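The chains carry the letters A, B, C and D, assigned in the order they are written, with residues numbered from 1 in each.
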């Protein structure tokens, strides 16, 4: 039993070990990598990505997939920016209402996404892919292609004000990570995600309203995408149609690298935290150690494969598609 | 003299010259048209006008399109008359959209296009010529493709030589750095021509500043968020060694500024490119030392106008000299001194251009290396 | 108290239930038997709300009800205990027990895990299972899971005011003898709180447990007998519509095997914790049965012969050649055929038709330079459909839509038509009705007569004794005893059990 | 019952309906030359989708296709002066090899294809950038016409690309329906454990499926670079999502074993028609993407045969 235990433990902790090894590796090549200031930089680039990745984590635990995040993030960012400016343009006015409103917008998009998937019986891959197009398109319709600048110092304090060397947005992300963890472990909905991912038909036969869980899952994901959108706007002070770009592949890669299985039922939001950090450490580290731009994509690919290989419990997996 | 004044002056002079020389060149053709001398050309009547471009998410293309719309409005038509072909960064979609439109309009089309990637220009031009329609290209084409090889149908190509202007902004930057220290460059998509030229501009300038080291140059893909991340990685690697940042365009500069802001660095010398309204504001505030305005509004309008007027026979492209078929677009430098003036004359009030003054503000024939 | 009247259910092309009348009284245990395809599972699905009937009425205490989904049925006190593996293995035991009904432990949106654990413990006590409710279900044995399943259904007691009706679908199929007895004792005790509908292929168990027995055939109830008057032969007669051969396991057809021709042999083979130091020879025409409890290593040995498992030490010889590479492909090339327990998972590909499945293991034989000769494939399928009387409209029918018995025949035809002469049978009659079982037994004898060596893991001990030439009893991965089973001199159940436990 | 029987035909009925809707809107659309030209233009995308079909048919996905095509345009342009007509071979081998690596990583290292192909795509992209020196390249016109001109010419008014597409789809259909490999693919897609237990070398079949996907992506890239007479490490960008959409909208769901190359043919044409319809109905520029997404949802809702999906995930 003992060696079984250690193998279990090894697989469980593999993503964290990979992260530590990567950090040490980059630190050895370039000592400046290993500094609080740089960790803060990695934190800043990770914070929005973490929110989006947490959103999709819930979906992946259910054994589904969500590819609509780019559209959802853009719509939420743009909707937030317009409302924020319309309501006064500073957090010290009614404009703070734009924050919860953005979350509502995210939830509504998630709701539509879930309904299309569940009611039209379209596999989530296709439904959410198409909804992603709709979302990006809608954001474009709203902005007409323009950028919206958010200059409010109070809102931008997400980036500019630091506590213990880390900007506020890192703490916001951390807070939402804890909320996600709470939902995952302490609420019925969170546990039902695992039930659906572990055996959808069985869950249904046990009287679980699987469709309701699915739709709620997509709504919850939408809310987290909205948080990601707010942080992304907080980071660069601009909301635009392209705010959501590149989130799709990065977030799903992060989730998988963190050890959440694409076939559902295994993993969780802390895995995703590790995954997001791994991906961002690689991204930051490659530039810091001075890799030429043209090899970066290839090196990222290689490192991702290695990370996933190390964190896969090969004996529990029969086949992979 | 500020760059802006010079530009405006130059343009006015051009316009005056044009009026004076009305009996010659372009003016002559316009005159011919007004006299109603039916052109012998198989010119088109009331062709559709289309602009094919990358996307609507970039302010640059919005400016281009606004020019195209201003042009069709100058014809007394509504904005909607302009057909938009959006390729979303896909050369494949760009080409097939053009072909669909040629089929839809039976070749009765005046097309202005940026073909997304240089190699895509050839098949686009070939299919337009085959359909008997007229096309003017902007930015992307390969060096071996020339309008004069296609008779009248390939009307013109406008591009910008970014190397010179980028060198000029680089000098502004390097001077601001006091001629010493370290500079980093954040580029566009590595294989894009403007990205290459703008980096070359920096390198050329650096030759005269032996005490400045080019610390690093990485692609940021014209993307604000990516630029933000690359810049923060640069800060880790080089820290205080960085005393200046050279950005390939304004969107990259936004990301760089925010990365610096996160670190509480407010006084880093930065230069960029494109002259977006937002960037002009930042130049005015002194946060960016210089940017280069390429007047996309005019570029977008005039490219459509060239194709349109060639199509309806206002002039015959094949009779025009080569410098009227391949030419550089205008460039205007914006520095903190003239940002306010620039804003007043180009952003707050978009100038009304004479869309038949095809080559006035242009910048000479395109030279190949 | 619970009653179905003239319930009808139709699917495209099938009239699955024809005017079914069915009732169950308070505290009663009703048996439900019938061949596969007789409509038992459809009837159960109607009862627990997974299907809605097309006609007829369902009443509880004379009040008509209609269920849109299983949850509504549960609210009326109808619960289903599924066959094994219907728990979600990545959840804890308590989460499984209260799946879909967590709300009672939720305060301000927060699940109170301690309260849930306490409640789960109470439920587990009902089924006399003493395990930590916080355990991950994957770590339980099959028997334990079955009891958890029952405990889960029993939560209805607290939730529903009226009477409970609990369906037990093949609850004994993975249980050892004493576990079955425990289960039965429990069920009898629980009749004070609930009525049971008991579905099983094991006629003796049905007779033992039930008060009344419904016999189904072709979507109809053909007989209802009280257990006191029931007679196995009579019921089987009703079910199949013909007499069951007294010589059920075809002992009269058992011929001696060819002791000189060894097809497969194990020499001191070990594989991790699964089995150790196993040696045996399988001769042409021999039926060699591996007997043991779940986890005794029998399946692992089969899978090693086929090449799905690689042993750590010892040598495996197939037809005189020692096996070097353990892959299914090399096994197939050596003429080994594997009839797995999970027919629908490993046996055949649902979504592919009959001839495609039959040639799946031998496409090379029906192709030229990689191009298939479809005509010959279809001919082969038609031949074997005739030979084994497979009930299918044509060779183009999707195998996923065939009944269990016919699926098993397709799997056997796949190997036999390819000329495999070492056949590994893992629970070949599992889930089959009597008629189909007999067909399988006939095939075993026919193969044996053809000189095929058969390695068998039987569904029941009786089956093992009846079919085998040789029985090897395994316990904890080690050989305990070897029996010769010549006709007339077969070991008894007791003999085997003695070595098994 | 009639609906049941109709289901397998829904994809092409959807296509026909779309063509008619656009045709009624503007009869120019229905001109044979236009339809032929539209079909010819979509060929490179179709070839990539065809390759993608193999990956999706076994229940995986190939996200490296676009990067492989990008890389191939560069290889084709760089290699043309050195290897002449053998450039084509080089391109296909490169695609085959990278696809094979994706397959290997997926099957042997147990990395889900979503991630493995994304990662291998990154490697392909890096190769393309390196070989191109990070700039757009163009082919010598004479050399292109000499060796590969036949690819983009036309005979009897029909562009040769259509012939290339037709040959490939016929070959792929033959492989899918009449060969041992095709049958094995179906078995792997529909019931992998049973395929293993029937002695099929599942790992090899999967690796081959990804390799074919890579090779077809390379052919798509080659054809595209010949058509454009040049290459660049970003020129095939924008292929990936339409190619996936084409496969899905044709009725090959991601669960594997259902659908096939003919579905992809129809799916690609559906994508082409939806795209042109934007022009024909003069959809406002800022609305096009949203409309595309909405039409896509409707088209997918119509074309997928839900009876063959065991679980809708």
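One rule holds in what follows: a contact is a pair of C-beta atoms (placed from the backbone, for glycine too) under 8 Å apart; a residue touches a chain by one contact, two chains touch by 3 or more.
What you see is a predicted model, and the numbers here were worked out from it, not measured in a lab.
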Compute the shortest path length in steps from chain B to chain C over the network of touching chains.
-> 2
Among all chain pairs, the one with the most C-beta contacts = A-D
Most remote chain w.r.t. Chain A, using mean C-alpha positions, is C
Taking each chain's centre as its mean C-alpha position, how far apart are chain C and chain D in Å?
-> 43
Mean-CA-position distance for chain D and chain B (Å) = 34
Which chain C residues reach two or more other chains?
-> none
What positions in chain B touch 2 or more of the other chains?
-> 56, 190, 219
Can you list the residues of chain A that touch 2 or more other chains?
-> 140, 144-145, 293-294
By the touch definition up top, name every chain pair that qualifies.
-> A-B, A-C, A-D, B-D, C-D
Touch list for chain D against partner chain A, complex | 58-60, 63, 105-107, 109-116, 118-123, 125-127, 129-130, 134, 192-193, 196, 202, 241, 244-245, 248, 253-256, 286-294, 296-297, 300-301, 304, 306, 309, 311-313
Counting only contacts in the complex, chain A reaches chain C at residues 182, 186-188, 191-192, 194-195, 197-199, 202-209, 265-266
Within their complex, chain C touches chain A through residues 50, 69-71, 74, 80, 82, 86-91, 95-96, 99-103, 106, 109-111, 113, 152
Chain D-facing residues of chain B, complex | 56, 65, 80, 83-93, 95-97, 99-101, 103-106, 117-120, 122-123, 140, 142-144, 189-193, 196, 219
Using the touch definition up top, name the residues of chain B that touch chain A in the complex.
-> 55-59, 61-62, 190, 216-219, 223-226, 228-230, 232-237, 239, 254-255, 258-259, 261-264, 278
